[in-house]
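Across the two complexes that follow, chain A remains constant while its partner is chain B and subsequently chain C.
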Partner chain A sequence: MSAPLLEVRNLLLHYGTRKGVVRAVDGVSFTLGAGETLAIVGESGCGKTSLARAIIRLLPRNVHRFEGQVLLDGADVMKLSDEEFRREVQWRKISMVFQAAQNSLNPVLKVGFQVAEPLMVHMGMDREEAIAEARKHLRMVGIHESFADRYPFELSGGMKQRAVIAMALITKPRVVILDEPTSALDVITQANIMNLLKTIKRELGISYIFITHDIALSSELADKVMVMYAGHMVELAGADEFYTKPLHPYSQKLMASVPTLRTDKKLEFIPGAPPSLINPPPGCRFHPRCPYAMDVCRREEPPTVEVKSGHYVKCWLHAGGG
Partner chain B sequence: MSAPGAEFGLKGVVRELLTYKSGIVGLAILGFLVALSLYAVIAIPYGEAIRLWRGQEAMWIDNPRTAAPEWVEIFVGKKLPRTIRLDSRVPGAGVSKAEIPLPGMNMKNIIIEFRFRFDYDELPSEMNLFYFANYSGVPPYIKLVWKKPSGAEFELIRYSLQAPDDRLYVSISDAVLSAALSYYTEKYPVNVSDRVTVLKLLFGRVTPKALESGDFEVEKGEYVLRVEATVFDRKDDLNAKLVVYGTVYGIAGTDHLRRPLEIPLLWGAPIALSFGLTASLITTFLQMMIAVMSGWYGGWVDSLIQRVTELYMIIPFLPFLIMVSVFYKIDIWILLLVVIALSVFGGGIKGTRALVMQLKESPYIEAARAYGASDFRIIFLYIIPKILPPVVPGLIGAVPGYVFLEAGLAFLGLGDPFLPTWGKVINEAYTNGALYRGLYYWVLEPAAMLMLTAFAFAFLGFALDKIVNPRLREL
Partner chain C sequence: MGAEGVLLRVEDLRKWFSLRRGLFSSPLILKAVDGVTFSLDKGESISLVGESGSGKTTLGKTVLRLYEPTSGRIVFKGRDVSNLDDDELLWYRRETGLVQQDPYGAMPSFMTIFRILEEPLIIHKAGTKEERREMVFRALEEVRLTPPEDFAFKYPHMLSGGQLQRVAIARALILRPSLVVADEPVSMLDASVRIEILTLMRDLQEKHGISFIYITHDLSTTRYFSERIFIMYAGHLVEQAPSKALVSEPLHPYTQALIEAIPDPDPENRRRLRKVPPGEPPSLINPPPGCRFHPRCPYAMDVCRREEPPMVEVKPGHAVKCWLYAKA
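What follows is the complex of A and B.
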């Protein structure tokens, strides 16, 4: 893992709204190696999806600021124009599985055609060839080819999810962003999909950016975990280290809120809700909800420190060198 | 959208339509109208239809004037007279012609005898005699003799032909009236009513009472009209055609110019259908495209389109259309263009735009944008198929509106000047006082066709609405 496949440096994505500027992603940096999986966890409204959209550059109209560096194979794709980016990066190198995949399929197109769409749009493949390819990919994700000729409403939730994954894989991208890929599925189907994702990762060597609010689920797939809070990255660590010993108070609270089987544990929760991103609290953005909040937390924003190799924390508790 | 197991494509839609009563009725009426249109276009081609419709009176001279259709008998309960045509040039039952040369002279007598039964319960409406003479010098000298079933036989007129194609309007001829009257008043010396007419004397049972009151019963039986002509050259010839006009004609009756109403009723169907469908299809399609542009691109494009739409919605449509039709005498296809031009930015844009704006934010369109589908591809593959279901019933429902519009303009005398259409028939019925004169068929027939068309599309619209809008389905 010498040269990272994807490196994000100080990425900023602010939206302009009538009420003010929403600082959805506020200076996030991370690296992702080939075949690696980065799990991004956090509560709803922490900027996880915005980060994903910023990476694949699928932006709404009301972008206020969009800055930083996104290096793909060492080349800064932020320098590309929208059209160049669309042609060369979007879906060819970075593809995405959307939140609520059930709704990401056009109800009036047959599944096969839909899955083949990126090939026709991006690779200029002709229809027959693209659909043949789509059938192959459907088989790969465990859907019988005959479903290529069905309409989305004839598929179950899990099958639709598989079809959407096939659609994300069909252009053979290097990175796939999975935005809560299993959020609307029952646990059995969820397990199936997670196993499928693991198999694909092993066989194709694809890198995932796996966005979820389910910290337990993230442990299934993650090599690295990044915790986001209010547009900031608050902790980034290797999976083993993170799950055994999270350092940031927010991460600890998140871990404590995960139910476990068989042990009678009192589930913890974090009082309050993530702050408004229009007007974030001064200092550390987590301090109003933090049990260890100190004076300095209220005044100054904590720096991001590398506590150990590859383990970053943005917290005053660890700012002194641990 | 559709229930699982539903079929797709046109066949599926038709099959689904047939599961609704209104769908069956609508399709049946529409099928009938389409069959009628096809028949009209094939049986009476366009040029022929215009020739027949615009033809001078000579073309229809054998038809009765403003005759009701034959089926009104069912309601009247009487046997109404049909038109009887007898022509000496067409030999057949009831016509005989004899030539008797006069010895020693270059002359001959030609005797044409028309023999026909008249068993109807009402008097005929008119009776005319048409001559086809061929002479070089002196015109033939003619004597007409009328013989009634009762045996009464009298002379109607004696005169020389004025022209080779001379004609005698028997029913309004004063000479015939006085001849017949003098025959009967000799028999019955009574005060004759003013209301006695030629036809009453010729076809009525003449009694002193009838002569005094003017009310005659029809004398049923065999009549004979004998044309005794003297021609003054052996080479001369004379033929004649007798037409006893009925009071009913065909399946649709005739108008004031003796034209059979089948022609405009038949031809009205293809014109109404094509006008209504074309106008509806084109305006709906254009409105949809404009609405999609407006909703999808947003920003200033949206604002501009919406403001133009609001302006268009304020413009009074009908007065505008009437103004254009008055200033430029336009035919039906130009009219169609004007109608389309005036309704391109219609209210339909508002509703469709709202749908598009909602659809624009849906996840699958976002996904399409993510994998780089172009605007064009998204609009045609993602947005339009999704907004078609609510648009189609609207399209079908708008057809009768345009059909009525065309009829309305024709009624106001602003329609196509050449084509026979339903609206024009109503217009002519109105200007000729059809309702005042009790000629209800003249107005009711085209009106019924118009209503039938409206029903067909209304029923189809209901059924389609239920199919694409499952919440309206009956349980």
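What follows is the complex of A and C.
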């Protein structure tokens, strides 16, 4: 296999708050190939969005620790200063579609200008050229280019989402991070946006990091799935394997709690709530909610084990240590 | 119809809002609910499914008489409740309950959970002070916020979304109403908590024989929690059927699209595009003539563009508002 496009090694992102240190991302590693999609799933507060923001380095002020390696085409971009990163990587190579993006459009600026803005800010392109490029990208995401001269309130929710996707693609990045890209949309509109994202991926060979709490939706794009729990990666596997045979008890519970239309199954739920990231439980962080918890789980953090080629699990059941 | 009989009958209900644009211009009319007819049995649970802007919330609120209907009739326990005076409305309030989408917005932040649950009891003069305390604690236990002392004297912001939604359910049920409308009760909660809350609601609904209208945009949860499913589009009911039949043999092209749009976790999904109609629901100010779904419908015929289709019962209990199943 050729070198991966993006490799994240032992990434750590902790925030400092008055109540203590929030360990939002606590040692996460993965690789992403060119044209591949990694879905990151987990409940809210498990660190998904923090992981995304760490990769694209859009961080709040209260960062306490930010460490690890992020290799893009083999070069560690964590070594770049903020200014260098902003100039060379942010948007140019890695861009992002934010959660509830429809609301992040500026109401008093024309849509075309906003879609063009990354070209002006990150690539130094002049205004006219950038807006011409924006029209092209609006067309690509299925919006008539005349909407470039309209204001956001004149667009429907689905169209705004498409415009925000155009904004993330306009700099021709290698990786696009999608953070709950359809969270405020209706199901049919959501399916249309998913179709668009699939087509773009096929045509441009782009890589996605797709963040969602919805496991069923994650299967619309994922080639690989990472499950996060309380700042840790607890499972990472190829899609074909993950959706048919998840190994971590948390992944299994998540799958069992998905209501399905097409098959008859009894619905389950996971009792309790995810732990605080300030004082996570000792040992395995899932042990208080795990039906298989053993003694060792309460004492020691399980190692991440590659049980099969490309299938990683962080659980004592699969570590041979129980 | 169930053996226990009809609890609620809604006949050709309309709720229009007038939007005033300026001092001298004529107002725009937004037809949020535009001729809806259905009935609900005692102890029955139905789901009302539609996208945002379909009028489902307005229908729920009009049925509860939180909105005044523009026209049509609401008959509850044999009484016409579409035009009640204040005293009678108080009776209707006691007979009905509402669970809203955002529990943080639905609770006064300055009241303790105890006070929030006690308030409906005070308004409806239920019990002495001691009895009320007893009822509040029992209500908390019923929604599994135990021990109740741990929750009763907290303020809303001290509870998680899931816990607070349990309080909202307890509040809606504390007067033992006959009808509860739950409007997107779990859409703001985490996927793993949703099933827990819905299961709790279903258990309480069955235990107390309450009729439930569960309003949601998420078709995938409905069949677990209701006997019948109603599909709403642009102010109209377009299909109603027993839950199983609706999901396994959807008749209306819109219902078919809704079902096609919902993924199950399946690695094959990434290799195919979903066959869903383009576009988005129409404006309720100027809805399309004829069938309101025709601009997006893959089967649209001439008649669909001209005339509104009638609601036709295709099989017992399975009705659809579509020209494919009706004679022009």
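Heads up, the rule we're going with is that the second predicted complex is superposed on the first by the 316 of 322 C-alpha atoms of A that agree within 3 Å, B and C clash if a C-alpha of one lies under 4 Å from a C-alpha of the other, contacts with A are read in each partner's own complex, and residues count from 1 in each chain.
Operating definition for what follows: a residue touches a chain if its C-beta (ideal position, glycine included) is under 8 Å from a C-beta of that chain, and two chains touch if they have at least 3 such contacts.
As the structure is a prediction and not an experimental result, all values here were calculated from the model.
Once chain A is used to superpose the two complexes, chain B occupies space next to chain C without a clash. Touch criterion met: A:P259 reaches chain C, while chain B stays clear of it.
Put chain B and chain C next to each other and count what each touches on chain A; the higher total goes to C. Using the contact criterion defined above for the overlaid structures, shared-chain residue A:M96 touches chain B, although it does not reach chain C. Superposed on chain A, the gap between chain B and chain C at their nearest CA atoms measures out to 7 angstrom in whole units.
The contact sets of chain A with chain B and with chain C never meet. On the side of chain B, the complex with chain A involves touching residues 1-2, 4, 298, 362-374, 377, 381-382, 385-386.
Contact residues on chain A toward chain C in their complex (touch as defined above): 37, 43-44, 156-158, 186-192, 194-195, 198-199, 213-223, 239-240, 242-244, 253-255, 257-263, 267-271, 273.
Interface of chain C with chain A (complex): residues 51-52, 160, 162, 190-196, 199, 217-221, 223-224, 247, 257-267, 269-270, 273-274, 276-278, 280-281. Chain A contributes residues 56, 58, 61, 86-87, 90-91, 95-96, 98-100, 103-109, 117-118, 121-122, 153-154, 164, 167, 171 to its touches with chain B in the complex.
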